[in-house]
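Two complexes come next, and they have one chain in common, subunit A, joined by subunit B in the first and subunit C in the second.
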Partner chain A sequence: MKLKTALLGAAATLAFAPAAFAERGADGNVKVLYSQAVSIMNAYLSSGTKDVEVGSLVLEPLAGFDQDGNVIPRLVTEIPSVENGGISEDLTTITWKITPGLVWSDGTPFTSADAVFSYQYCTDPAGGCAQAARYEGIEKVEAIDELTVKITWTAPKPNPFTAFVGGTSPILQAAQFANCLGAAAPTCTEQNFKPIGTGPFMVTDFKVNDVVELAANPNYRDPAKPAFATMTVKGGGDAAGAARAVMETGEFDYAWNTQINPELQVQMEKGGKGQFVSAFGTLVERIEMNLTNPSPDLPEGERSTAAHPHPFLSDLRVRKALSMAIDRALLVEVGYGNAGQPTCNLVPAPATFASPNTDCIAQDMDGAKALLDEAGWTVGANGIREKDGKPLKILYQTSVNAVRQDFQALIKGWWNELGVDVELKSIDGGVYFGGDPGSPDTFQKFYADVEMYANNFDGTDPEPYLAQYLCDKAPSPANGWQGENVNRFCDPAYDALVAELAATRDMDKRGEIAIRLNEMLTKDSYVIVPLVHRGRLSAHSTTLGGVVLNTWDSELWNASDWFRIK
Partner chain B sequence: MTDTSVIEKPRSQWADVWSQFKTHKGAVAALTVFVLLILFVTIGPFIWTVDPSYINPNGAEMIRTRNKPPSWQFPLGTDQLGRDMLARMMKGGQVSIAVGMVAMLISIFLGTLVGVTAGYFKRLDGPLMRLTDLFLALPLLPLLLVMVMLFRDPLARAMGPESGTFLLIVFAIGVTSWMQAARIVRGEVLALKEREFVLAARSIGTPSRRMILRHILPNVVSPIMVSATLGIASAIITESALSFLGLGFPPDFPTWGRLLFDGVDYIQQYPERVIWPGVAISLTVLSVNYIGDGLRDALDPRIRGR
Partner chain C sequence: MLTFTIRRLLLAIPTLLFISLVIFLLVDFAPGSPMSQIPLTVPPEVRLKIIEAMGANEPIFVRYLLWLKQFFYVEPLVLIDSIFGSSYSQGMQRIVSWQSRSPVMDIIVERMPQTLTVVGSAYVIGVIIAVPIGIYSAYRQYSWFDQLGTFIAMIGFSVPTFFTGVVLILVFSVNLGWFPSIYNTSLKVTDWDSFMLQVKQMAMPVAVLALYNASQISRYMRSSMLDNLAQDYVRTARAKGMSERVVVLKHVLRNSLIPVVTVIALGIPTIFGGAIITEQVFKVNGLGALLINAIQGSDLPMVQTLTFIFAVLIVMFNLIADVLYGMLDPRIRYD
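Showing the complex of A and B:
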């Protein structure tokens, strides 16, 4: 009933919108295309980016991130800090003050009870919340009064902007979802498809895996926004088709994730109907070196484990030479165009945590050859280097993907020039990233000498990401081949520094330590050889204004500011 | 009526077959095309000696030679990494045609063996046909995936990544595509067994072995030929599918199927990238089918001489 009333209210407001407000709803309809169709609006029940992002049009968190990764208030008056007393001196509590007078799209007041409810909803052990990581380490969430929420952590939390911050931890309306806790969560179809929110839009029609129709929220906190009266989010197709729909045919105003080859990008831009926008988050395409011996002659269970060091990749000089032989700028030009930058860093952003290191950018083939000579690898028969009668032969694996196969071919060419024999292998992505401990082809098992893939970290703080390279995070038969330290990197100094990072509160100091950790993995040891800092690439019509691409939060984070250029 | 003063030279059976084959215009054209394709992939690399996986190590130079249209330097153009398409087509054709032929031979051998045995020996008919049903019921692609996963590494280690994969792929395709041939052959054999000439042969005490080789097999050659030609086509296509899933040859190893899949991304800008391998696959499949058609007519004594 409530929803129906809300919809009627919305319709009525829309009818009178031009009179009542200066701008809301003045620009008609905006069409958005997601090449992966939306299946649910509730971010807590889906790990799919497309669901989280489209859901963020309706459901909002207390605070979000802007395009530079700074925390910005959404439903609160200010961002808590130690200075303004919002964060306690010992970093164990954070207090959020909700903006007074805020209402849901159905007109009922937004209170701290809704935030507490959202925490309970996601942490219910029977619920299977997809975003539970956002609420890790919380002891309790309390409603101090109607407009004050206090989170208490079990331990000092240097980065408290996880819970209720960003598109992956939005606030649900307690009244609407009251009966959807725990195991009942996925059965609440009506709630999950048409949640009541505080965002600029509200759902009017939802067709699973097809199309979402939205209308401007009549109770949105800024009376002049959004400029569009309705929004249509269509799903389906592929990246090239989505780009074409915006850039060439002009059927859509905005297309999400239009990752296509650089030449096609240039050709489509000539259409003049739209433009590509790119923004850089933390996604880095890299080559990982295996420090353990993946030889198939070793018995299963010992292969690629710390018990057997790698016969030649355990030598720093070999790893460094392999990195020096790569021309990263060329890789970017071939594979990503505007959506990539050459990088030498595992943590390429945000600026506080990114190392200024650019040593690897320039290709140095002669230097690499000299380094291998120095390491005792001499050029033998048919140009392949050898040492003690053993040839320098590398198995190089990655997932099946047109760009990655081009990278493999190019890098193989450079390594061949260096005198390294390279065998290529490509594995279906579902298997490679599938993590099945029974399969020999997962990237964790790493039954190869080097492998290539891309990874990033959630949010703006790299601590959990860097902590993945601790000694005990190495995949092995003992832990069912789980863990992200695929190199089996193990350095006590690194482990000690990660512990120091966890205990450090000062932001500048944290930055310094993170940069140091990043360099220990890349510049100092060449265990990880970063290649390309990959961006997000989306397309929008030339008549759609106000688009700012954001890689730290939902891509539709500022849809309320979008307008039609006339 | 006939002029007895001119006695024709005695003709062998195969000369008869060849003269009948020559009257089938389509088959002769197809044979020419097929021979040209074989020459293209076998002799071609000795004339056009460009390395199919050569990428210009000079980055700026490489960027300039990417995605070139056909020219004197690159008769079929270049791909997205500046590799010569003509050389890649030759190299890819060697693999694709070899895979097609060898896989076809394996599947025909198995199919004929099972079909003739089942048709001729009544006691073996039931078990062998149930075995055929079993193979027909197996989902082909998952089976191939399992085989590749289990045997690729040991084979690659024993014989090198390329020949190991080759052996595995032709074997995998061969043992999963003999069932149709077996069914057809068995049906033919069952019908032949009741014919008078077989009865006559049996009445003079011909042993089973000779019976099959001399009397049965020559009479089932035409269905075998037809399924063989179809087999080549499906083997080439299955190999492409495996390459696409990343389970075929190593990714830098060109085959026609892989060239086609690589080209799909560029189909709008550089349609020739998919046209070359597409035309090559189609020509091979079509010409082999036509040759099969002509052979069937030529081998059938009722048609021959008419």
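Showing the complex of A and C:
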């Protein structure tokens, strides 16, 4: 009853409030809290989510993604497609038509030259652009006329919505950044901190890693928006402190990424000053199996390389048994609550690309034991399974993180029950994800039998993500231990199918192939054992309306629609 | 005294150079890489470009020499330029943070005010509370006041600030709603109302830090007073018929203050170092938060510059403490 009334109330305010208060700047100040403080407003010089998202309040791309992952126009009249002629029949060009009359916050006209400049800015080899991947495969970007931008790709591009689409590839003002190309990019402090944009807000004060003060853009394209006259984005502290400031003390209206344990979530919701919102993107916490031998007895340079297959994880039955012994629902309950779902997929979303596979959800300890028996691993004297005199002993590594250590402990318990001896190892995130080829502890080097971390893909197209598991993408001494095929998975059929995906243009067909590729890695081979589909959890005050959590684009994607519930 | 000071100052130069080298090597050899801040969705080729643009892949001695030049030559020139409006530093490369791609010194200057107001006033308040408590505790040793003082000092000393900070937030922000739990660095004190807001937002972090400082200094004060109260000259003073007030506050206190002043002087550099934990809990975002943030992000230029500045301050205040010592106690002569 209570929930029903609350929902009805929320629906009612959503329906009537925007109409009632539709005037720019009428709602005063809105306060946003990012537990990781903002370092820079220019998304091209930082890959940090916090910088990209807060930057997106000012700098906008031509088009963005909505909460369902659909492409929506921002600075253009319509989304190009083959039907409306915006995308050429052979998929090698895409033409964007800029909305006429659009101006920057300083009042100067927004033209196609700005888009061309943004492309040059990010692809300059000396600039170190963090978002260069968005512009991969482009032959040229041209300004056909003042309001028309044409991108030509080097090869047919089934998914052309990378360049200028989404918060990670915004348009910079050519006039402001003219002297900031290439090696000069980082020296333009003033430009990087206070960029001129087309977004709903503009920066009035920027304190590095502390606070960003913004004011409504007087030249924003919708004269009624944003409802807030000013915005404060404060940074610092931790997720729990951020959640508390919204949910318990009510000092802030919105807190970003308030990933706290489920128990604390329930407790904070009792404060009644705010609510948690969650949404699911593509982030999956998973266990990766090492198909090569990480034994320290091997000489350096041969450890964890394709030269030596793993003594027991190369057996599908062992990998499958390890997966079957895990109770994913309990992991979610312990670690994420509403912000997680059990999953068996590497690609959990969008719906077109997600496999319906749910085989792994139910824990099957007996089945797992039977499978190991069948594989010849019999229980030895001390309860540890053995085969040919060798014990089944696993080194299980991950990064230092409270939830990950809980997961390690739970999974170790299940694997022990199975008769597997498990040694746990946790490594500082700075080292584990640091990619330093000199360190033995990076996740790429993988000097362990199994390891756990989370990864996702940018945007809505999983092709580059799935292409990470090609034979030649395996980290090895030859490529300085770079690459994300950490399992050293190598299947010619998989490689062939990835090539087929790259050549396929039909969306439904692409979905089928992606699902097949995903299953080859998970359900068929158990090389990757997905655990939890992790959502984004943020908190907003009960007086802040219009919040729609979006995991496909910047979380602040619709800040122009936010308003104060009175 | 002057020759002593000059000698010490000259000696400080090689010491500081050595410290800077050690810090640089330590920071560089520490595990962790700025790469870990780049999400996994960024492909390896792009990561490599980013690192190249930062200059993070240059050999270590090149980076060290460059840092030395920037710190001792470019940054002072920038300072001169900003004071006199000259343009000596035009086109020179300053020390740039890897996280924000902006000059490290500018960020430090930006952070200085909130650290000095919060941590500095906590230190002053701590001293103001600690000295009288120490005096009275020693004068009435083992009285209930002394016992209570010892108890509070023990709590202040042993309970970590991340605990007291969160307890204060839960009591005064969440339940009572008296004080904000988050420090607003954009607040400008212009009138009575904004001044009260400033006092309110400083109340909790200052209380946490002042308790910690006061418990430390009050113990020094107490033990130093106790040492002196047992001396013969105190008995002589009393025998001469002087009032207790004069004996304690004039004879004993002055002598007892000598070691305490040194301790207080040596503690001043820690003000500049900020209070890493307290700043983080209340989101004061001063120098302490800056340092910890830079360490987490493997922002080597920032960590290196900040720690070196702390080292300079510590060397300087050690010297000041030595000089003060000589001034307070005429028996101590360095020449």
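Remarks
Here is the rule we go by: the second predicted complex is superposed on the first by the 544 of 566 C-alpha atoms of A that agree within 3 Å, B and C clash if a C-alpha of one lies under 4 Å from a C-alpha of the other, contacts with A are read in each partner's own complex, and residues count from 1 in each chain.
Keep this in mind: a residue touches a chain if its C-beta (ideal position, glycine included) is under 8 Å from a C-beta of that chain, and two chains touch if they have at least 3 such contacts.
Owing to the predicted nature of the structure, the values given are computational and were not obtained by experimental measurement.
Annotation for the three-chain superposition on subunit A: subunit B and subunit C fit side by side. When the two structures are aligned on the shared chain, A:E484 is found in touch with subunit C, with no touch to subunit B.
In the superposed model, A:A155 lies in contact with neither subunit B nor subunit C. In the superposed model, A:V548 makes contact with neither subunit B nor subunit C.
In the superposition on chain A, A:Q408 contacts subunit B only, with no contact to subunit C.
Residue contacts after overlaying the shared chain place A:E251 against subunit C, while subunit B stays out of touching range. A count of residues in subunit A touched by subunit B and by subunit C gives the higher number to C. With both structures placed on the common chain, the touch criterion links A:M507 to neither subunit B nor subunit C. Using the contact criterion defined above for the overlaid structures, shared-chain residue A:L33 touches subunit C, although it does not reach subunit B. When the two complexes are overlaid on their common chain A, residue A:D428 makes contact with subunit B and with subunit C alike. In the superposed pair of complexes, A:A499 makes contact with neither subunit B nor subunit C. Taken over all C-alpha pairs, subunit B and subunit C come no nearer than 6 Å in the superposed arrangement.
Shared contact residues on subunit A (touching subunit B in one structure, subunit C in the other): 428, 439, 441.
Of all residues in subunit A, only 261, 263-264, 267, 296, 327, 329-330, 333-334, 363, 365, 399-400, 402, 405-406, 408-410, 412-414, 417, 423-428, 439-441 touch subunit B in the complex they form. Across the interface of their complex, subunit C is touched by residues 33, 37, 39-40, 45-49, 125-130, 132-133, 183, 185-187, 189, 192-193, 205, 207-211, 213, 232, 234-238, 241, 244-245, 248-249, 251-252, 271, 428-436, 439, 441, 455-458, 464, 482-484 of subunit A.
The touching residues of subunit C, when paired with subunit A in their complex, are 31-33, 35-54, 93, 96-97, 99-103, 106-107, 110-111, 169, 173-174, 177, 180-182, 184-186, 280-281, 283, 285, 289-290, 293, 296, 298. Per the touch definition, subunit B reaches subunit A in the complex via residues 53, 55, 57, 59, 62-63, 66-67, 80-81, 83, 149, 153-154, 157, 161, 244-247, 250-252, 262, 265-266, 268-269.
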